[in-house]
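Both complexes below contain chain A, partnered by chain B and then by chain C.
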Partner chain A sequence: MNTSFNGLAVLGAEPALPHRLRLGQHNFPSWERYEAAFRDIFERQYYTNHGPLAQALEQRLAERLRVGHAICVTTATIGLALAAQALGVKGKVIVPALSYVQTAQSLAWAGVEPEFCDVCEESGHLTPDSVAPFLRDGVTGMLAVNLWGGAADIRGLQQVAERRGIKLYIDSAQAFACEIGGKAVGGFGRLEVISFHSSHILGAAEGAVVCTDDDDLAAHVRNIRSNYGMGRPVPVGKTGNGRLSEAQAAVALMNLDDLPELLARNHRQFEAYRSHLEGIPGLQLVSPTGVSASNYQNVVCLIDAQRFGLSRDVLISVLAAENVEAVGDLGIGAEWRKAGSSGTVLPNAERWCKSVLQLPIGAQLDEGAVERIAARIRLAQRHAADVARKLGG
Partner chain B sequence: MFSKTQPSDLAMFGGSPVFDTIRSISNLVRPDIERFLAYSKIFHDARQYTDHGAVERELERRLAQFHHVKHCVSFAGGFWGLVMSMKCLALPGRTEVVMPSLTYRRLADIVAWAGLVPHFCEVDPQTLSITAEKAASCVNENTALILGVHPIVNCCDVEGLEALSAQTGIPLLFDAVESVYESYRGRKIGSCGRAECFSMQSSKLFNAFEGGYVTTNDDALAARLRDMRHNGLRQDGTHDDIGIDAKQNEIHAAMALAALDDVDDQVERNRRRYYAYQRLIPTVPHMRLVAFDESERCGFKNIVVELLDGWPVKREHVLAILHAEHMLSRPYYFPALHQKRTDYPMVWGDLHATEDLAQRFLMLPCGHFVDEADVESVVATLRFIHAHAAAINERFPS
Partner chain C sequence: MNTSFNGLAVLGAEPALPHRLRLGQHNFPSWERYEAAFRDIFERQYYTNHGPLAQALEQRLAERLRVGHAICVTTATIGLALAAQALGVKGKVIVPALSYVQTAQSLAWAGVEPEFCDVCEESGHLTPDSVAPFLRDGVTGMLAVNLWGGAADIRGLQQVAERRGIKLYIDSAQAFACEIGGKAVGGFGRLEVISFHSSHILGAAEGAVVCTDDDDLAAHVRNIRSNYGMGRPVPVGKTGNGRLSEAQAAVALMNLDDLPELLARNHRQFEAYRSHLEGIPGLQLVSPTGVSASNYQNVVCLIDAQRFGLSRDVLISVLAAENVEAVGDLGIGAEWRKAGSSGTVLPNAERWCKSVLQLPIGAQLDEGAVERIAARIRLAQRHAADVARKLGG
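What follows is the complex of A and B.
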């Protein structure tokens, strides 16, 4: 390993990777499998509107997740927006201030106001203690979030929801194939929404599934989306298009076939990060918490700028020069800032937003990439003062 | 081949259906698979499957060129393109959208998703569409937007509506889902009003599996729509107050490009089907084909007929008979939107012309699965219904 000072691309060395490595899982079938699947679709001439592949996908998801209903839609945000309407939440709904922007955004489409809530300092997730101060009048629901292959204290939140008579549902965009106490994510709360965006483990380019055991709720969601003869027709306030096409279903089904290998690869890469990032001062790798099984689809670190010697944002620039896409709270940080501007103090969300660093894990990492990325991070820490002089940070 | 001689031969009454498989009003056009795969290879090699990759960017460029307009912003579906455009264009502090009631069954829902209130106007009985005159009578101090909707055959009163918009200062948006290929007074649809919205769902002219797009010459509007479809996230990390995830993915974009490559050939095939109907519908008494205005560019995709005074069988019975023959004919925009129950507010006045027109028209099978021999069978069935009207009517409980 080159540990010399000039081993960093920002200081003129060769980048750690020859091509830019993007964040995200980006699992996708080989060309041969893709071509065969799409020749079949063109042969069948069934393109969308709950075709045979979408039906097969819904059935396999319901079996795997052990839920009564798996309803596929075109994106997770649209799934959450349809869910809010079907659940009939009104007034205010609690959401963690640490989440992707889609969580709170989905509420706006149902005319509901987000009540931003702080997260647990250690886990970055919601717990009964973190939501307690926010259970005010006018709160009718709680939209919990399972982030980064980990989970909120869902069982604890479920008890809170029951005691208070409010509706708990869950943005599990990042949590496909995770388990809580041995039970698959998808079966908790009134419903859960899991994303099939390319950046998550079960990619469909774009897509999502709404899961629930509640027959009435399922009928309602299906009738908003278009039910295609699935279950009974029920009147809905307004419909909202969100179909998953046969193209999206085909890719999701192939990735579902590959799931054991994808999980094993993620776990291998995650453990490689763990061992190669070990002992770097000011850098803490976040292990998935709250789950009995993780999909290890995200690698998240907390950077203590004082101890590391560089700010998180300077480290992102260092990695960009190495052809490694790393991000901080992009798409996440806006919520606590908005909450903060209205006077609410959310210290834990703020700490997470300011120190979180997300690193690539997934299909596009070659053998040895993790080691090379970690080595450059270690170098950046060792030579923090020189990097800071160069980049002014 | 149509071979029925008496009403009991109709599938409705125990005979065998004319078609083994469904002939519907959905286009379901099949682009060339090799072209689709060639476009797919681009994103597959780049290993980027969504989030505005090379194929989607090429699609937007090609569609802007096709519509003679500066910007095309693609969406996961036409529904969300319309919602976002309305959110951008509606005048602040006002709530009403002037629009026809005789139109797409989900259009009022789309207005409600945008947080606005449909204010329904009448349509012109000749064109079946909104006109400046009909819209003007609904414009008031609370009008936020005028939604010009093109009918299924030909275009609406584009210049009149543009003049009304200029005169009142109320923005004009077009729902151009059914007029992808058309021109209005020689001008390509796509650059009219402030923006125009299109769908690429598989039943439409362009089959992209699913998808939609918005065209506009307005730089700021295009830029904002690009942020909004991607959860409102801007390049600098801040975000728009309004957003959703409604991005078009690369697979759908590859399909759309293959469909675009094929569109002139498709329109030629559509024209042949339309000409077959044009030749044969006059053999059915009390029925009129709604004609394409061939002095303009036409996509010839949809076939609409009117049941004239004297047509002897109720339209719902005609539809039931056709469905049993596996001809998935549909009524033309029935019920009208103001006649449906919703849980959001709607505004309308006297719409008796709309209500009358909503009873009179049928959409007949068309698209990729229908050939000229099928057209003959469909028209023969209609002729048969007319010829045996009395016996057929007796078989329906009154």
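What follows is the complex of A and C.
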């Protein structure tokens, strides 16, 4: 393996890494534990329909997150659609224009229109100031988003929601194990949805949990989740199959056991990036803000193309040649965002969307690789003119 | 174990079966194959996001069903919601009032109203005659349902759809491996959705496939399925995470390998029920109709309470005491069905809903048990007066 730092793969050097390194967490237990868990499912011959592992997972999550109800569902997108339906939001719901497409799309399934809103320039998250201009007629809710191990100003938004009589709920897909003011994410707003996609710290292949302290709301979510209803029957307008399978629950339970080590590893890797990326002109590592504890499950940088010498998208191509998966676009098409935001200009969200770059972190990242990745980024910046000649600006 | 037939558990005898026998298929491969499949996933460390097993499953299904596109999704309910969205049905869609709640609920997520329609008195399925009175203004589609190993008069409905310029698509959740006129279910209408829930013959814990020959429609379904889109990008109004995980695909692939044996076992069990249930007054076994090959994955009887001497619901209690899970209600609330059918009386659907009884069939059914179950049903009919005194009419 080539560990010298004297070249870039796009300029003919060997790639920094021998195999493609994927973004994200991809946390796996040992084969022995994985096998034991699947043997257990096999012997019980109980694959799905709110089985014993799904129930155990719900109980452990409710205890850990200190919420009255932890309701596991098959994906966060479906959890958010169920949530919008259960909350009965109507008309328009405020969502940040800086988020993943799922956030806004969940509203579409519930027949609600997204009101795209700008984010805070410094944090990239929602704050009372950023939502103020968007609290228009017809807005019945706010769907805040906690991104990249950080959080929106949830307590400030809660006050806005109470003052305006609208419903605040939270897309905490990325925020498992984060805390705000010492309190676990999951217990804020009317309801929170946390994802267990494999790319997150508590992976379950696919999966998510809907958290709430509101008994009525929980009964609604449970009845919408399963076509046949669960728990005390409450009338719901729509139902859908959003069950978590036993295989999903098994993987989540194992990762929950491993959580302290996973959090420590993420933190260590994040700090390694911080140290090796320091001082690169035009590159700013985004530290999680708004939280008292972070899961450090994402490494997010802002690339200032002017100062770095290359655009964010060119840097992604440079890293792809190094076998490093890096991701920019959050997936909300600019056109759609503009159409949904009543024509209002959203300068902060636009700037973040254009400059944000995610780098790999998690189980598949050999810790020595951080230094090599950072070194290639530094080289790309130093030799920006050569790279630009080769790849275009 | 008590194998004598001289008593009923509700009247004090020992239960017919020592452990509770669940309805449905619950097909499992051997532990060796199951372990090998999960080791393979573990070693690849690729859990989801249209992985190699999901792709292999799609290819095998497209070949087997002879359709251009087999698009795997996480559940049939989600598949049907994606389908309604991709087809662009609007206003009202005809659905049979005799189906599972999921059929109609899938429309709600797509913002479409169900127009509940009566079924054929003999077959319990849709026919051109049964839909004729419901082809009202605002109806843009028909969602036919193939129930219990049988099928609707799909070719007749296709002609109606063409004549009226409306879209026919099919909830074939229960119909994997069935054929109509020698052609595999999956290739009819604009699109079909087949379920892989564990209770069906091709179980994957949770899962389903959307089948179509229409390239444009397939591109729409793929783009709606994954938030980030798959394949050639086409504009879609909504997206949602409907991905099939690798664990789901692994189980489906193993059951696909076993399909010939599973079909033969189901057929054998069905014929055992036919022989042992024969001649019980007021009990009619429903033979699959409308198909040239059936998967025999359900055993459905109609109970005529007058002639049997007990209501369907009392018979369910009798069987529960025998450790036999039997199911009646299909889950569509009568109130909701009435509200959705513009006040029209739907006598055939009402009659079927009141009298239908499903009995266990599948992997967990020891074949000798059929005789014991049937014997207890026969006893219940003979001693209906005693049972009624004990349990109420």
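The definition used in the following text is that the second predicted complex is superposed on the first by the 370 of 393 C-alpha atoms of A that agree within 3 Å, B and C clash if a C-alpha of one lies under 4 Å from a C-alpha of the other, contacts with A are read in each partner's own complex, and residues count from 1 in each chain.
Everything below uses one rule, namely that a contact is a pair of C-beta atoms (placed from the backbone, for glycine too) under 8 Å apart; a residue touches a chain by one contact, two chains touch by 3 or more.
No experiment lies behind these values; they were computed from the predicted model shown.
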item	value
Touched partner set for A:Gln102, first chain B, second chain C, both or neither	both
Chain B versus chain C as contact partner of A:Gly392, first or second or both or neither	neither
Partner chain in contact with A:Gly182 - chain B first, chain C second, else both or neither	neither
First (chain B), second (chain C), both or neither touched by A:Ala81	both
Touched partner set for A:Tyr47, first chain B, second chain C, both or neither	both
Residues of chain A that lie at the interface with chain B and also at the interface with chain C	26, 28, 31, 34-35, 38-39, 42, 45, 47-49, 74-78, 81, 100-102, 105, 108-109, 111, 197-198, 203, 205-206, 237-241, 243, 245-248, 251, 331, 363-364
Complex contact set, residues of chain C against chain A	26, 28, 31, 34-35, 38-39, 42, 45, 47-49, 74-78, 81, 100-102, 105-106, 108-109, 111, 197-198, 203, 205-206, 227-228, 237-241, 243, 245-248, 251, 331, 363-364
List of chain A residues in touch with chain B within their complex	22, 26, 28, 31, 34-35, 38-39, 42, 45, 47-49, 74-78, 81, 100-102, 105, 108-109, 111, 197-198, 203, 205-206, 235, 237-243, 245-248, 251, 330-331, 333-334, 363-364
Complex contacts: residues of chain B adjacent to chain A	28, 30, 33, 36-37, 40-41, 44, 47-51, 76-80, 106, 108-109, 112-113, 115, 201-202, 207, 209-210, 231-233, 237-239, 242-247, 249-252, 255, 341-344, 368-369
